[in-house]
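You will see two complexes here that share chain A, one where it goes with chain B and one where it goes with chain C.
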Partner chain A sequence: MCQISYVKSTFGLASRSERPIRRKALPPRTEKMDVDQDWPSVYPVAAPFKPSAVPLPVRMGYPVKKGVPMAKEGNLELLKIPNFLHLTPVAIKRHCEALKDFCTEWPAALDSDEKCEKHFPIEIDTADYVSSGPSVRNPKARVVTLRVKLSSLNLDNHAKKKLIKLVGERYCKTTDVLSITTDRCPLKRQNYDYALYLLTVLYHESWKTEEWEKNKTEADMEEYVWENSSSEKNVLQTLLQIRAADSSGAPSREELLGTKEVEDYQKCVVRLKNEGENEESLAQYKESVKRLLNLECSLN
Partner chain B sequence: MAARAACAAVCRRLGQELGSLSVNGSKSSTAQAGGLLLSSVKRAPSSSLHIDVPKDLIKPTITTSDEPDTLYKRLSILVKAHDKAVLDSYEYFAVLAAKELGISIDVHEPPRKMERLTLLKSVHIFKKHRVQYEMRTLYRRFELKHLTGCTANVYLEYIQRNLPEGVAMEVTKTQIQQLPEHIKEPMWEALTKEEDSKS
Partner chain C sequence: MTAKTMLTGVTRLSSRIQKLDPRCFLHGSAQAAQSNPVPAEHPRVISRTSDSDPAKHGEQHEGKYYSIPIQDLKTVFPHGLPPRFRMQVKTFGEACLMVRKPALELLGYLKNTKFSHPAVRYLLYGEKGTGKTLSLCHAVHFCAKHDWLVLHIPDAHLWVKNCRELLQSTYNKQRFDQPLEASTWLKNFKTTNKHFLSQIKVQEKYVWNRRESTEKGSPLGEVVEQGITRVRNATDAVGIVLKELRNQSSTGLFHLLVAVDGVNALWGRSTLKREDRTLIAPEELALVHSLRKMVKNDWHGGAIVLSLSQTGSLFKSRTAYLPHELLGKEGFDALDPFLPILTSNYNPKEFESSFQYYLENNWLQHEKAATEEGKKELKFLSNCNPGQLERLCASL
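Right after this comes the complex of A and B.
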């Protein structure tokens, strides 16, 4: 008959000799550290806070009544917060010494913004995003904005006006900046290529003159043009009537247009329409009308 | 190309430097850690970080290429966190790193944003008893001016590798470029000349 022996199972081993000998806790390493040690070799990389390796008497935590904040040994608050023990000024300087070889210098000739603008007129804005989460990607990172001043492009008068009309809201009149924002492609460099392509197409199309551009009416004009306008017709009509009433010789339209008063009046009207009404332009208009119609009276 | 080569060299160099330093550090810390930890299992005498450092270290050579470097007029870095102390420390680190690398830096603190929620305290009924939570987002903005592509890549990689846990970053780069060749002159004259010469 086999003897079944029941062995009592214990988690730790029962007798004192069979249990592994537990070493006594040695004093923390902080006691052996000198004041002028090389700290970057204690914390070379980002590591959690080790109370035995950091010789500072740090206390953290909300104290109990009539107590002090908890000490650093076994303190969870000190573990939770990110520590910068690996980024002391000494460590940062050492890292930068090693990194300096990979940096290049900014060209000294481009010290002001105007020079940058003159030699490098196109500005491209891109964005990158770094965050922790389930995904590294950020959909906002594919947006590219291209900004260029129209004064740096080779455009003549007609081309500039056509470009502004084609582009619409993307042109800012006060700063003379055209900004094209693209985000229709899935990748950033595709959006960049598309923005450059749009700029190229706009530039070349604005130099072309189509058939239907001849039908441009007065309402489409960006600024007031005096030739063939109602103001010109009115002035000429009035002057012709005055001259016809006064004397027999009726001067021709070209002669009237060439006279100094009419030219002066033209400049004043153009200024009023383009710049808007302010005191100086209104005063100038008044003077020119008086001279035109010979209404100068001496006020004494 | 130069930037990529430089960055690869940076990674290798940093890894090797930090690797060589951490090997020394971890050797001394495991002796203490073994004594303090209450484990009955015998620990293998290896550090928790596995770093493969070759015996004969060949220093990486810096390669330069002929193609022109990209130029950044402005680099705007916005850092977001929940804790002001972490942002202050990170700002000190970023400013010191920029000064050491010779980059002009400007820092300001945009106002914080708080998102507040008011929820019912209990699972069922008790409408009059609510609990309120808030999420604070604190900001710091670093403005760097006049950087080359290589310097920008080096600085950004250094900053981003040392970004603490729980902190997010947005980088806005403004690159300046010359007018491309095909925008210098309108092409219609060249096209008509070609047609004339063909016919």
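Right after this comes the complex of A and C.
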């Protein structure tokens, strides 16, 4: 047996002295790094994570029981994830400085957000993509988003409501911004033209009034309108009956509508319906009904 | 004097003896003497008050329990009290309601009702278990004591769900009758308002079928009898009763109180189906239709007290308690203008009072329940919600 093994070990490289001498591992570069060194020169481009070149004591991985996450040396998890060690603020500042030569000046007159809003109400968002590969084309680059505030458009009440109904989901009520996103054409420029065309068409259409718009029912209304509502009818009927019972004359509808209690009641009902119910709007409603119907509470 | 010497005893036993004595000897003036020195020495006794007439209840009675006499219970509330409360009444042998602010407010308005004006609608709303139904019962008791005619529908939800028999209405082909529910309600109505039924006369002739008819001028009791005996016509009988009462309350012969619990059932959805398994809308039920006409304020001579209820409602979220959420747009518009009254959880004084009441009745059997910590724990667990507190104490 030992004969055979002896023969095998002499087959490839022979004795210890013939094998290339293996150097001892040097201490990692991190130990020689200063605190205020120039980091962009350590990572000038996107590079994988090198544990010996990154001086941070990073740990990553799921720990075993009563253990800690694995250290950075030989950690595959840290290699798998993308790192942005080449894009620290210092590095980006240097990029900006280099790019400055290719830029024009920001106009001095546009020094606040309101002025930008006022002179340039429409904002266009596009995205460009670069990648290393045989082709510069990227299908994602054709998406164009057009954002505009409706307050900067010249719309009257009816036009605004019609426009909001036409665009549907694309309007955000809290910020009053209409955003149209187009990507149906193959080129960015075509999409941009289409978005502008859509805006023009929406604007002009909302100003027109069609015949069938006369059939707008109460269910279509965006907010509660008190005139001609059932609430108004009920209140007037009740008040007329009260007046008739008191035999204090039969006032006309307009007179009743003009009284302070009815106006107050109208405001409360509109508030309740439009803003939704909560304790204080209900309390206000209660007070106004009390005043309207002259109810008193007698506690002993 | 005797009242005061009895109260100087420290043990709970003395307060029990006081409770068992007939109410009559603690009348109004003694009650004033009772409430003043007591809070200093014996906080246990302030949970009760002796005035069993809701008319005399005022702010000083707030937080105290008053008991409803047993004979009143049978006539005024044959079907009005909630099921858990009825069990409590049976266990304790007495029916005690706490006097609380929403009920006091409602009674204040009811006392000032102008009978020539159209009926005002009061809506009790609040979270689950805060006392809407019992406040309604308090108001019903008050009106019954003052000789109003009480039209009490204990739970309108019962009329839109779980109905065994649905017949096509004889009066109007589009609508549906519910003979069982109508006849039970008529029986209870008869118990409550017996003395009125002979006084009120019908103003039209009603023909039930080929052989039976009710002549003009006959007492309303006959219509009710007809409804109870001939169950097929019960729904129509209910409709007639409501119509007659509505028309005649304006004459001033009697004051009418319409009390409906769970009024959101009238405008909600129902789970009843026709033979071809399509859903029925509530307005196609004759009972609901007549009740809706009743809660409109086009009549005068009384008041309408309503309460919302999520507990029996169909297709409504458990957390819904505001009028719009439970009534829907249609219901709110139909009831508008109404006076909303909010019921809320117990305030500390009311909680104290409720706790004392349970202790006095030996309802809390747990040894730690009577201590301060036990009280704090109950307060925390129930968040001073009356319904929740009752449920917690039931298991102690």
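Note that in this section the second predicted complex is superposed on the first by the 190 of 300 C-alpha atoms of A that agree within 3 Å, B and C clash if a C-alpha of one lies under 4 Å from a C-alpha of the other, contacts with A are read in each partner's own complex, and residues count from 1 in each chain.
Operating definition for what follows: a contact is a pair of C-beta atoms (placed from the backbone, for glycine too) under 8 Å apart; a residue touches a chain by one contact, two chains touch by 3 or more.
Here the structure is a predicted model, which means the values were calculated and not measured.
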Partner chain in contact with A:F102 - chain B first, chain C second, else both or neither: first
Contacts of A:V269 with chain B and chain C, given as first, second, both or neither: second
Chain B versus chain C as contact partner of A:T174, first or second or both or neither: neither
Which superposed partner A:A46 touches (first chain B, second chain C, both, neither): first
Which superposed partner A:L293 touches (first chain B, second chain C, both, neither): second
Partner chain(s) touched by A:S135 [first = chain B, second = chain C, both, neither]: neither
Greater residue coverage of chain A in the superposed arrangement, chain B or chain C: B
Residue ranges of chain A in contact with chain B within the complex: 12, 20, 22-26, 28-29, 40-46, 50, 52-53, 81-82, 84, 86-87, 89, 92-93, 95-107, 110-111, 113, 116, 119-132, 152-154, 159, 196, 199-200, 203-204, 207-208
Contact footprint of chain C on chain A as seen in their complex: 229-231, 234-235, 237-238, 241-242, 245-246, 265, 269, 272-273, 276-279, 282, 285-286, 289-290, 292-293, 295-300
Chain B residues touching chain A - in the complex, by the definition given at the top: 6-7, 9-10, 13-14, 17-18, 21-22, 24-25, 28-29, 32, 35-36, 40, 42, 49, 62, 69, 71, 73, 83, 85-86, 89-90, 93, 96-97, 100-102, 146-151, 154-156, 158, 160, 162-180, 182-188
For the chain C and chain A complex, residues of the former touching the latter: 56-60, 104-105, 108-109, 111-112, 114, 116-118, 120, 297-298, 300, 322-325, 333-334, 336-342
